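Next, two complexes with chain A in common: one pairs it with chain B, the other with chain C.
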Partner chain A sequence: MEQYFVLKKKSFNDFVSTMAKKQKVVAPIEKGNNQYAFEEVKSGDEIATGYIPTILPPKKYFMPQNETIAKFDISSGQNMEPVVEYEKMTIFGVRTCDLAGIQCLNMVFSDRPRDLNYLIRKNEITIVGFECNDYCDEYASCRLVHNHTPNGGYDLFFTDLGDKFIVHVNTLAGEEIIGQSNVFEKASDQDIKMLNILRTKKREIFAKNEVPIEHENIPGLFDKSYNSKVWEELEKKCVACGNCTNVCPSCYCFDVVDEPNLDLKTGRRSRKWDSCQHETFAKVAGGESFREERGARQRHRYFRKFKYPMDKFSRFFCTGCGRCSRTCMAGINLKETLTVLVEEHGMKNPNAGEVRIG
Partner chain B sequence: MAKPKVGFFDFACCEGCQLQVANLGEMLLDVLGAIDVVEFREVMSEKGPEKLDVAIIEGSITDKHAIERIKKIRERAGVLIAYGACACIGGVNGMKNNFKLEDIRKEVYGDRFKYFDSVETKAVHQVVKVDYFINGCPVYIPEFVAVLKCALQGIPYEVPDRAVCVECKLNENVCMYQKGVTCMGPITKAGCNSWCINNNNICYGCRGMVSNPNEKGAKDIIEKYKVPMDLIVNKMNMYNKCREIDKREQKKR
Partner chain C sequence: MKSLKVKDSEYDIKKAKILKAKMLTSMEKYFEIALPGGESLDHEPGQFVEVSLLGIGEAPISISSSPTKLGSFELVVRNVGKLTAALHKLEAGAEVGIRGPFGKGFPVRILEGNDLLFIAGGLGIVPLRSLINFVIDNRRDFGKVSILLGCKSPKDLLFGNELEQWGKRLDVNFNCTVDNADPDWKGNVGLITKLIPGIDLDPERTFGVVCGPPIMYKFVIKELVKKKIPDRQVLVSLERHMKCGLGKCGHCQINGVYCCQDGPVFSYDRIKNIPEAL
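Entry: the complex of A and B
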């Protein structure tokens, strides 16, 4: 299998429309005000260039917001049939932070008991990654969590080399896409050299962490941070809208609801996105709430990114995409929160990173 | 089992929410398959029997006659549903409570004002017990159907007590505040699937405010976006003036 191919930019439209004829293609499109969203496209010129992370990450295709998981009929006995909703599609333009997000979801839903709905759907999705040559904006912290360069999780991976893209082939599904159209050429040694130059330049751009702490010291930081004052600060700021978790590429909490039809006999069981930031999520039967304060719910979110998944899966569930900070009306900023924790515990190391808060 | 007998009633309102039922389209057939509409002034002349299984109330309570009428309907009905912003939170009629009643009567009825009484505008639950709320101006049809199904099953319906922003974000709308426009989404109860913002309009707060807002946090946000406080208060009062009556009642307790 050839590993690298090139695609001239003037052939990009042909490539996308060929792909779109075979199966549904979704890609980032511009929504105005420097906001982007993954939506279905038919040709290359609909796709945004230079896009920052989309409003919602591509997780919306892996775990739909409102998914039917079963149908029931109680007109004679209690009949229930499982349902899996899936669709063949290609997601084009997935940034490295979002590739990491999908890898997180894969781990969670492959864990036992395995989530067949997720796994069946995932098998139908082809992923085309897209490299960031520079920072998207000041909210990103991808260097801190080592997601500024690709770590797998894609079928094809595009890197912009000026007048052409160099494309890394990672899977058979990726190879098939290359074979479908005649617009790809084998990459020359010169192309590979250009890719290496770009990656070297990226090492300079992403030279230091976005927060002044070493990657490997973050778990230790969170071991000490449960009773930090910073959570009280977040208590004052947070309005518990839940946007931070909805836009997070690795948040996967959901609610399951039975919805009868008007005959009250047949109906569907659905799974919907939920958020640990909502009061109704924290409340349990009997009206007790284990995380009554907004600050406690925010702390839980941070621990679910930097501590608990580290203990369980040995990886951070923060992908560094910056969406939570970008979307927060109250101005709760992940880099800022981490920096306060780092300073509070005397773990600041300017050699590891710089405090750069947007 | 006989289909439940349902009556629609209107008080001070534009009757637009009742029209929404007529706008159900094909789903209307399913609804009529599940209920027996026995009284509905907007679409039929017949009057229902003394005992109703469900009474659906549109409009707010604005004079003494309305108070008597709603109490009688409450006595007739097993289940009472407040339907639309006027019934659920007082709605735009609540703006009357910004003025002295006598001034209002003179303005509307001129020198004959003495023949027409008027009372402080109230939402239905501020006069009689309400079992279900279907918020919105107008009501959001999928929510109407969802509440109706809960009522038919005899289970509670929880109005989502979270901001419209939640649904708005899931619909991937560009935030109005980013466009430099003031929107009531951050303090308004969800459940409408951010209907207005999906159609490039702002949220007017017609569903009522979330019950446990972080007032300090909300104030900081308003300051951050440089929105004058009185503008926000005015926008809030357009639909939510009657919330002051709830606050007054809470204090009494």
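Entry: the complex of A and C
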């Protein structure tokens, strides 16, 4: 039996502050210029309402940008102790695109050989999802990859019903949060009905894909797209800054770097985000670079979202969040790129979707 | 933020000791290395290890010795980067960190009973040597063995004494060529691809095993295909930057495959339709 609770909006502050007393809570806060970021909050009024995808996805908590994976001391030989850095926390306000991003990372890091650092950290994190009742902006393509509605991956899931939230309890951890404060009430039949009405309305808002192609035809599109002209176009535009991969909720490539302390004996081995968009990424010590051109590196990024993970994990690694397009200094736009591919291969289907590039 | 010691971390290193270190050429240094307590590395020919010097970094290095050599293993390292430069300063007695072995090596069970044609260019002899010596140590399990070796000039030849031994054996057909000869050189001069047409082989039961610089593969494979060796019997070992060895970091990715886990040894059949492979 599915469990739903409701939380009146006037009790939201109480709920967040009670939760924040027990453990660290992070949530989207407004940074100005329509930019949002996940940061620690103590009360509900710090949390932004109506936020678009945050600058960085919640990936930064699961896979920190700079993480110590070992401490070393070479004063008497090669002595190293592998470590994991973790923190118990609740992430509040994870959009459905970002829930999908976390699911992608879970797959990668639990695939053998498993990554214990990631898995230990993940177990300490409670996830509270938050539904989008409408599009965030014109960059999103969540309908195309079926992430505009929740597909699991959360402990609790909030949906805004006007003067209250309806909350789906998905796990025991979620149930514990509900139990921590006395501000939740069991959802009535009427509340469930309101949720269903909202979801029906959403089906109209998200009626068509953001790119004129059927979801199931995307793998076929990419099978044909390796030698497309579009990569030459991206070659001319891309500045190889790596912003697109940094903000991507499912990009997980990293570098491993040693950082000695000033005593030159002790130090840390750390893992840092890296980007396949950088020229040095696929370079070997002898000097050969195996992905020298920016167009080839952009193609690699797209194929890592739509083709390779489909072959390996049977899912797209594009979550439709739109961050890569929103952040690109050169104006490379995912919806545009896909639309060019669709048209190039005569796979355009106006009934499946329409381009709404703002 | 809490920090906890992780047991069984894939990033843990074994403290290994350098037993012997020797410059082979001006650029390449040989190391014989033992794991703690005489533990065996238990590798397959063609696999690689991640070598660490804490504070400097870690790099993937091919294992050059055969698993039939017990108690220690051998690496040959070219001085080309930060870690390899630091390794070159080490002598016998020094400690290094080892992770691995990693990757898919040569399919030795499948090779048994077949003829083998080894083709090594430059440093390619380093990983290939792990299989060549394995085959020589289990000689009766294999058919005809031919080795073609090419390098820039005679002074770049690695494992000189060993090559001489291979050359003397009646059960190994050894041939060597250099791009630029010096006055003392008595062997072949020219590209390694020139040696392939003259080889007498039975394509049905021959495996071509190729390792060398990226530029070499296309030309060598073309010659082997001309010899009618089936694509699945052409084996190559690919070089990429295998940073983590765990199929995660992305550096060694070749289209959809991770060189560190799915390779570094691939059959031509497997990679001929992977555009980034060759």
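In the analysis below, the second predicted complex is superposed on the first by the 356 of 358 C-alpha atoms of A that agree within 3 Å, B and C clash if a C-alpha of one lies under 4 Å from a C-alpha of the other, contacts with A are read in each partner's own complex, and residues count from 1 in each chain.
Quick note on the criterion: a residue touches a chain if its C-beta (ideal position, glycine included) is under 8 Å from a C-beta of that chain, and two chains touch if they have at least 3 such contacts.
Owing to the predicted nature of the structure, the values given are computational and were not obtained by experimental measurement.
When the two structures are aligned on the shared chain, A:Val340 is found in touch with neither chain B nor chain C.
Shared-chain residue A:Ile192: touches no atom of chain B or chain C.
Of the two partner chains placed by the overlay, only chain B lies in contact with A:Arg294; chain C stays clear of it.
Looking at the shared chain after the overlay, A:Tyr86 reaches chain C, while chain B stays out of its contact range.
Contacts of A:Gly331 after superposition: chain B is touched, whereas chain C is not reached.
In the superposed model, A:Leu264 lies in contact with both chain B and chain C. In the superposition on the C-alpha atoms of chain A, the part of chain A touched by chain B in one complex and by chain C in the other spans residues 260, 264. The touching residues of chain C, counted against chain A in their complex, run 1-6, 8-13, 15, 52-59, 78, 80-81, 84, 95-97, 213-214, 239-241, 243-244, 246-251, 253-256, 275-276. In the complex of the two chains, the chain B residues touching chain A come out as 30-31, 33-34, 145-146, 148-149, 152-153, 158, 160-163, 165-166, 169-170, 172-175, 177-179, 186, 212-214, 216-218, 220-221, 224. Of all residues in chain A, those touching chain C in their complex are 68-70, 72, 74, 77-87, 108-109, 111, 113-117, 120, 226, 252-258, 260, 264, 267, 269, 274, 276, 281-288, 290-291, 300, 303, 307-308, 311-312. Residues of chain A touching chain B in their complex: 31-33, 35, 37, 54-56, 65, 236-243, 246-247, 259-264, 273, 275, 278-280, 294, 327, 329-331.
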